[in-house]
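Let me begin by presenting the structure, written as structure tokens, before commenting on it.
In this document, chain identifiers A, B and C correspond to the written order of the chains, with residue numbering beginning at 1 in each.
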């Protein structure tokens, strides 16, 4: 029983991490039609910033905030400097993000080395928490809590604010939004900032979860982010959340009860199967 | 024919002859290469450049000629490498037999996965190819039954004697050159054929091709299998060159680097992907070598840090090219001509 | 041609899509008051002209709105100068509610909800309903309501607002357009000639991506031959060898 609980909590914790990555990706692709390959880089930037802060005397909460802030700034700079000028050239936009996704981990590698750097985990978060007889590491709970908060914040933003309304409409029909006199590019920057913040938060929390940061963390998490986005429906935050839970749980349980590695494989096969059964994706935006 | 036209038609053949003679030359290319051009180290690097130039050309068959964005091309390259390596090392097959099976593996795999992936188009297709490649990568890394060597890769034993040893580097170089010529010829021939014209139509506007009564699916599959086969062949050549198979070759990063090579050089052009592949490979190896040397270590930190990471430079260069030079390096002459006119 | 300066003046509008020339140089004037109808057979380029004018399609040529050249403007900048657009496919956001669809279109500090609810009481009743679940007619009401919401609008562009609607709804739409036209000029793309006859004072006819005719609507509709050749309607001439084409 306690194994099941532990697996569930770990699966949910991983799912939470994926959600933080995927929510931004989903909105960015849904609104802007940009497959943001630089998203992993934003995650890494957040991770390293948080690590740097935590290693230099910031308390963990401040380090977290710092990491998220730096990542958000990076995301906005990326959008304004690289993405916006390539408006109307969607393929070039994607390629530009590929370039950034290549360059940034290399830069991080150059500055801080390619090896993983230990993340200073504060004592209170390093222990375990007893849930239903299982000793669950506290960091799982932190991740799940963070993801739930972000999910709530996003739903409120999308459903209750005018900017969120613009984003929701833009995901459906960008051209019509401009035809109503709304400058949709402002929404782009906003969505990129939100995505960057979520990714950077994910990176900062990943340091906590894995106990270390390294330059390739971002890219490996990015792949799962893409998988979840495609499964959950592009532009749908709730869909992404649901997909993340499924993916996280399947991965953990499959990895434990079968030979290791099958869990990751199972996720990937799920994606392929889903796309073949419903080629247009869950929101009809893919084919 | 005028002298100019003659030069235009025959310079590739001339270039080929020059390239074939390289192992006999001792010309030093300071800065570009570590030793004289005919030395084993330089030949090895050149051979790698040629292989990746060919791989990029094959990849551009999908991207630049048919408009298919695949994130899983590495899988077929890896299939060639790993299948051949496994048969050589574990099953003790002779090289040619192993290579034959490796090539077959590439054909079968690309046909199978291609037929499935092409049922979706656009981003969906890109994602499915990514998923399949990721699955392959995971499979290789988890090392089922201990055969693939996991994260460290699998060094090949049982390679033919003419392929092993530093004194035979020239042989490997010539094989790489032959592979490049084969790829270029195959791609050119296919692109110029009636099938190639349909590919062009598909890239331009798939719906219009359908209206003409053709089913794009079959044509896209042909492109996919051809590119996959060429990639598998490249994998076999790569195995010879490096003496082993590594899981890095299965990663999505590998396919992304092919994408970078193609765009850098100029997608959809005859020589662009080759140029991009050569440039990228050279930069990656040469700069990594320079970084270790005294020249860069002595530079101030602000310069040393970025220069020590070839991927950083390549990434930045890539972004610049995407932004300012959409035709890639191959498009440069045309742009310069236009600017002068 | 109208005597007072047109609100929207288009000269030589060319649109090329995917290598194909759709518009070869359209000239169009929208009078500063009343309804100007944009007519022509299917495929003549009416919707393309509208989308080109708004900047939703890349185009060359001169488009002057209220005297200012719009060439460098983005769509949203142009629309903010007071254009209410009712697109051919209605452009409703299916995932948003009726109220949210309307709210998105608000630009004025005091939008004219009273007018919209007066014309289309159903929209008030169905305010919380997802717009994707509305009938075609109801969606059309939302689309038109959006254009009427901003009192500051100086021009309304409506692209086939009655297409595919039941006669009862067509009447409601016609009435709404009439009300709108009392306050601001309207550019109306339509195939429904009864509606054109009722509403339009001026008309411009497109054929094969060019302007084929411009003048008072009543004159064109009264001329059976011209109507037939330009719009493809009306009875055939009784003499088989009768003159083809109107004179203009």
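Heads up, the rule we're going with is that contacts are C-beta pairs under 8 Å (C-beta built on N, C-alpha and C of every residue); 3 or more make two chains touch, one makes a residue touch a chain.
What you are looking at is a predicted structure, and each value in this text was computed from that prediction instead of being measured.
When chain centres are set by their Cα atoms, the one at the greatest distance from chain B is C.
Of the two chain pairs examined here, A-C and A-B, it is A-B that is joined by more C-beta pairs in contact.
At the centre of the protein atoms shown, by the Cα-centroid criterion, sits A.
A straight line joining the Cα centres of chain B and chain C is 53 Å long.
One finds 44 Å separating the Cα centroids of chain A and chain C. Chain centres here are Cα averages; for chain A and chain B they lie 31 Å apart. Across the assembly, chain B contributes no residue in contact with two or more other chains.
Against chain C, the residues of chain A that register as touching in their complex are 162, 165-166, 168-169, 172-173, 175-184. Remark: chain C residues 54, 56, 74-77, 79-80, 83, 85, 87, 91, 93-96, 100, 103-105, 107, 146 touch chain A in the complex. Contacts from chain B toward chain A in the complex involve residues 116, 119-124, 126-128, 130-132, 134-135, 138-139, 141-142, 144, 252-253, 256-257, 259-260, 263, 305-306, 308-312, 314-316, 318-319, 322-323, 326. Against chain B, in their complex, chain A makes its touches with residues 35, 37, 82, 85-86, 89, 92, 95-96, 98-107, 109-111, 219, 223, 226-227, 230, 259-261, 264-265, 268-269, 271-272, 275-276, 279-281, 285-287.
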